[in-house]
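Accompanying notes for the structure given below.
In this document, chain identifiers A, B, C, D and E correspond to the written order of the chains, with residue numbering beginning at 1 in each.
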Amino acid sequence: MTPILNVNGIEVIYNHVILVLKGVSLQVPEGAIVALLGGNGAGKTTTLRAVSNLLKGERGEVTKGSIELRGERIENLTPADLVQRGVVQVMEGRHCFAHLTIEENLLTGAYTRSSKGEIAANLEKVYAYFPRLKQRRESQAAYTSGGEQQMCAIGRALMASPSLVLLDEPSMGLAPQIVEEVFEIVKDLNTREKVTFLLAEQNTNMALKYAGYGYIMESGRIVMDGPASELATNEDVKEFYLGVGGGQRKSFREVKSYKRRKRWLA
Amino acid sequence: MLYRENGQFKTSYRADQQIFPILQDRWGMLALLLFAYLAVPALASPYMFPAVLIPFLIMALAALGVNILVGYCGQISLGSGAFMAVGAYGAYNFFVRVPDMPLIPAILLGGVCAMAFGILFGLPSLRVKGLYLAVATLAAQFFADWMFLRIKWFTNDSPSGSVSVNNLQVFGFPLDSDAAKYWFCLSFLVVTALLAKNLVRSAIGREWMAIRDMDVAAAVIGIRPMYAKLTAFAVSSFIVGMAGALWAFIYLGAWEPAAFSVEQSFRLLFMVIIGGLGSITGGFFGAAFIVVLPIFLANYLPAAASLVGMSIGTAGIEHAQLMIFGALIVWFLVVEPHGLARLWATGKQKLRLWPFPH
Amino acid sequence: QAKEQFFPLLSYRTGPYAPNGTPWANGKQDYLKMINARDGGINGVKLTFEECETGYATDKGVECYERLKTRPGVTLFDPQATGITFALTEKVANDKIPLITLGYGLSVAQDGTAFKWNFPIMGSYWTGADIILQHLAKTNGGWDKLKGKKIALVYHDSPFGKEPIPLLQERARMHGFNLELIPVTAPGVEQKSAWLQVRQQRPDYVLLWGWGVMNSTALKEAQATGYPREKMYGVWWSGAEPDVKDVGDGAKGYNALALNTSGQQPKVIQDILKHVHDKGQGTGPRDEVGSVLYTRGVIIQMLGVEAVRRAQERFGKGKVMTPDQVRWGLENLALDQKKLDAMGFGGVLRPISTSCTDHMGSTWARIHTWDGKQWKFSSDWYQADEQIIKPMVKAGADKYLADKKLERRPVSDCQS
Amino acid sequence: MGFFLETLLGGLMAGMLYSLVALGFVLIFKASGVFNFAQGAMVLFAALAMARFAEWIPAWTGIQSPVFANVAAFVIAGAIMFAVAWVIEYLVLRHLVNQEGATLLMATLGITYFLEGLGQTLFGNSIYKIDIGMPKDPVIAFDKVFEGGILVNKEDLIAALISAALVLLLSLFFQKTSTGRALRAVADDHQAAQSIGIPLARIWVIVWCVAGVVALVAGMIWGSKLGVQFSLATVALRALPVVILGGLTSVPGAIIGGLIIGVGEKLSEVYIGPLVGGGIEIWFAYVLALGFLLIRPQGLFGEKIIDRV
Amino acid sequence: MKIVDDPGVVAASPATGRKLGEVILDVRNISLAFGGVKALTDISFDVREHEVRAIIGPNGAGKSSMLNCINGVYQPQQGSITFRGKTFHHMKSRQVAEMGIARTFQNLALFKGMSVLDNIMTGRNLRIRSNLLLQALRIGPAEREEMRHREAVERIIDFLEIQAYRKTPVGQLPYGLQKRVDLGRALAMEPQVLLLDEPMAGMNLEEKQDMCRFILDVNDEFGTTVVLIEHDMGVVMDISDRVVVLDYGKKIGDGAPDEVRSNPDVIKAYLGTTH
């Protein structure tokens, strides 16, 4: 089966000089949840931006490689075209429309949808997923808490009835039980509505629990990939990403070693 | 591989804090200064001095001032023309009313007048922000236009409102040759640029930038928005005021308020944005661009047009100039929204990586 | 080196003043072309020129001046703007190039012993204002009839607009009329409040000191506020076709000073049509030739050319004159009626003669009135009253010299 | 008293005319976060197009009806403004997605120069006439009540009505339609708007096109009042205090701001002006606006400026 | 373990048994509302010197608002804040900074256009003594002062291991590093109390470990008191001495981590059942 998304050896350069991605390839099969893991600055966000064509606003560009959606080259489509094709990105750092209320934010998310019934149903669905948003629906987004904004951003993306969602750090800033809920929602959408997810996450634990397949990035390259269950049992991953290397989980208080970061590639 | 800091290790923070940490840059700067002081006067034609070089120097000075306010402190100002006017008329009044007033103190005092005016019109910035402030600064512009037209005292009761100065001297040397005027303006510019550079890389400069980038956070780390904004207005309008005085005294000789119209304010804003907000070098690029381009076009457009077999009148040239000018501005912004200075920096960075592309 | 007398032409064909600046500039160019075509230059010296666009802006004017002043054979400058005149006044004294400012510029520059290089030939704002007042006195039946009357000056808020004020104030003091000053912010597109004030004060007369777009706007606002156009008098810069044409009927009855005729009848205009336009070398459209400002441009250029011719008489025929020699020519113009007729300027302007002390000659002007289609003369010639103006000029010049710590030209300088 | 009312009325109408120009600023700012300095140039450009085509069409077609000429010229000028909007989007805006306000402002200044040059190259730089049959002569009302009566300008009155209608229409558009909401979203965050599928290109063409038509109406009315020539672009400077007083993001604000500024500047010029030598209205308008801003930094009806940490 | 309330008596950490100092910051009955939204209702808690005090609670509970009240970004309608014995009803940002309270922000509030170095240097601005003129001339004392602060900042940069990015504009850094710079800026103020708003959001485990280490080092070595908002329960449980729990603007729990973790209200409102 051809993957829904096929990223083939892309290079990304910011500002004409800063080379950030150095040949990244990954595949996302239809109906899968794929996790993209890696430390700060590894290039996860950049990869997602490249897929959703949001690089331009950051003065970045894809200089090599190709990106295919269901076999179609998409590097030259606008982000709006991509949303039309069902690809929606939830941007890192929330990016709610500050002056719009939460509800207006959500409704704008349905810009590409024309059926009134569908929009209303989607809205109800989002409110059901995030009851907190319903309470705050009349507030301007700028005046809601960080976590509320994060929910709003995720909810907004769902309003577009997407078939492929690029989630950039969805768990960031969310309270533990909400994190869990978000992942449950992901799973729910995935199993019930066959929505495919590409998930950039720092919360490796959660990500590997819910994802079927994972890629690990380091300084702009994919350094390891495999089914999530395999990754979760890999010793290195366990030690550096899950914190359970060499037996049981270490207390944050005990970790004192300096510069232990493992590099798969120089 | 020539342009590299390879092997140039900084052994102290002082060395690292230099204005030009890279050796090649230091030599380049020295060469540039020598060139500006010695070679340019020898090479320039009599037309170049008054028409290109002197306006360039003065405008670069003004752009420097505007950049402190707009580029470093983030307070967009459309009233720079007014600060120039206050500087010019302030200096003029000191110059003609105080017996035997020497030129340099008169210009500095003009700057002080502009500074006071700048602080006054900077006060709203404590409450009004962004584009609202930008538009509100036009109040300063139109007020100054009016003030110097209407209040006779400022123009020494000249019936037409136009004033002039002559017999300029510095330490007994008459400023009558073009080269002398050039050196005079150049020295003003070099000294001010150095001081301004020091300011922006010191604590106060960081305060300005902090206010520009995120004022609430700046307040939380103990920066007083009022102090930061008003000092930016003060320093900026002082420099712009001096530039205004030079523009009036050295370049125009005789002037009326229209010489510092809102058009001038826009041009100054252009310079800093085209040159690069928050960059001292940017002001120079911007000033060069804005001063030289129209003159260049006026001089060479007809020739260029006749090459392709067209003849255009002065009106056509003027319109073509407007169009080219507008198009170039847009083009530069599209290529590099952060201005010529950033383009320059990117160029240098590429040079450092050379011969590798990244 | 070719024998070429170079005329730098500072003009503005763009910006708010373009509609008025353009015919003026066209007239200047066409006259030069005509002299070359008809006479082969001045005694064999070909006339060349280059235009430089100032946009009426002082700094651009200065740049143009600097660019063109070093050209070989440079003759004189006509900056076409009062602001630029102010800025150039000092520079020309250094560079020793004459500055001719017909009907504009510094009124005090009439005093040739103080302003060696400035030539407000044929008129200044003071003489212009004086003539309008003379006309008002005459139509009212004497100066004493002006007593208690209210005269408003609606003026361009710039040195240009402010120049006539001292004279008007002087006259107001002498004859007991009230002078109201109503400034209009440049360029003068928004005049509603000025005309509200006019309506409030109901002056007996409105003097209009405008330029460019300000003139037509003033007329439209006058119409909109119902101020009778018959009671409006413009200076000679407010009385040309572009000022009234698009107001049409609304400007009917409006009066303005006329320094010169308009129309294509004068011989010199015919010559231009024949030698320039008929050969397809006209600068502007043909039907603009002979319009008020066009003709004024022609006159200005004629004065420049005649100054060169006069200088050649003294310094050598067929030679290229230096600016200093041209200055001498300008100081010794003697264009009597016979000469004017011969040149084809008969009826276009009055005879004119200048001297070292008097850089203006005399001011003769008429009033013309717009009848909805064209300008028609509605008065006879007036001459400005030098009795009043001369002392003011002298006092002004003295103040200028004192401010600048300058000396008057020695008498000997005039002998040369 | 009569004169006071007359000044007041004059101010109100002048204010409405400013609103018309201010509206263009507000539209674009509200819908894309761009402070469009080129609005003045667009007014000039549109007016030039309209004036010249109204002149050329009878000459080309031989149909002498002024109504036909004006309508046709209006349509053509409208089409030209659409083309302008499209070109601006294609060549400028789309390359400046997600850039800072200052950069965008600067770009519009570049556009200003370009349009001024292009407009005058294509259409000439003399004074042209737009004659849409506006009545020019004044009527005197209430001459029984007040000495001298109150002078009412019919032309101004009609113009004021047109701008009021336009404002009403546009307010409804912003408040009631989902496109209106999308526009506000774009103004908040270009990138986020893109990420949820709002086609920036199309939105921008629409908005600039609407602003172009507003500029055309403004140009038509101002041009019919003042004649069409270069200085028409400077009415933008008179409209700026209106924009900030009413609030950059509020369509009704443009009207209210216009009225306040119009009345304020006329009254000040007529009653305070003579005391200080006159010519104060332009800076007075700005100072008045500034005064209001000190109380409400976002203008009377503008959206609150958000700064949160 | 009982917490001794008398400020004169030194207490011990209920979590680790570490010695804690006197009450340094005491928040009393703070209420804050925005229009109809009650962000905080009658909140009181104290912070002891040398302590790591965590604030947890679901999203929108009012944690960030609490910090905003402490450093004067918000003015609470009711209540008072006592710092080192001085009681305030309204805090002023500048004053707070001068008294030695520094903070980091949840939604990165870095100075985007400035380099990492300059960002951290701004943290030292309060200590700059030389005036404008001296700075312009950059002679003698001004230069020496600048160097002194530069050295202090370099120590922080070393400490946070961001040497490589010294001259990079922070806007170009990945999120996680920006968080570190934010911390660096706060540290540069050499505060007595450090308020951290979700410093570890958006980090992976390894980076969180680093961050914990930074926080604990600061806490140990300089004795800096830390108030920490964090959603990662592992972190909170491991490094904090006492925990306050907020929910809907109300305080629903306060005490040792273990104690809080087993509080049924807290489990219901925040932790969810799986923890």
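Heads up, the rule we're going with is that a residue touches a chain if its C-beta (ideal position, glycine included) is under 8 Å from a C-beta of that chain, and two chains touch if they have at least 3 such contacts.
Quick caveat: nothing in here was measured; it's all calculated off a predicted structure.
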Shortest walk length in steps over touching chains, subunit C through to subunit E: 2
Centre-most chain [mean C-alpha coordinates]: B
Centroid comparison with subunit E (C-alpha atoms), farthest chain: C
Subunit B-subunit C separation of Cα centroids, rounded to whole Å: 37
Separation of subunit A from subunit D, taking each centre as the mean of its C-alpha atoms, in whole Å: 44
Cα-centroid distance, subunit B relative to subunit D, in whole angstrom: 32
Cα-centroid distance, subunit A relative to subunit B, in whole angstrom: 46
In subunit A, residues with contacts to at least two other chains: 18, 143
Subunit C: positions in contact with at least two other chains: 13-14, 18, 22, 157, 183, 185
Two or more partner chains touched - positions in subunit D: 120, 125, 277-279, 282, 308-309
Residues of subunit B that touch subunit C when the two form their complex: 46-47, 50-51, 55, 96, 145, 149-150, 156, 159-162, 164, 166-167, 176, 251-259, 263, 295, 298-299, 313-315, 317-319, 322
Residue numbers on subunit B that touch subunit D, as the complex places them: 70, 76, 124, 127-132, 134-136, 138-139, 142-143, 145-146, 149-151, 214-217, 220, 262, 266, 269-270, 273-274, 277, 315-316, 318-330, 333-334, 337-338
Complex contact set, residues of subunit A against subunit B: 13, 15-19, 59
In the complex, subunit D residues that touch subunit A: 97-98, 178, 181-182, 184-185, 187-202, 249, 303, 306, 308
Touching residues on subunit D, where the partner in the complex is subunit B: 29, 35, 91-92, 95-96, 99-103, 105-107, 109-118, 120-121, 125, 237, 240-241, 243-244, 248, 276-280, 282-283, 286-287, 289-290, 293-294, 297-299, 302, 305, 307-309
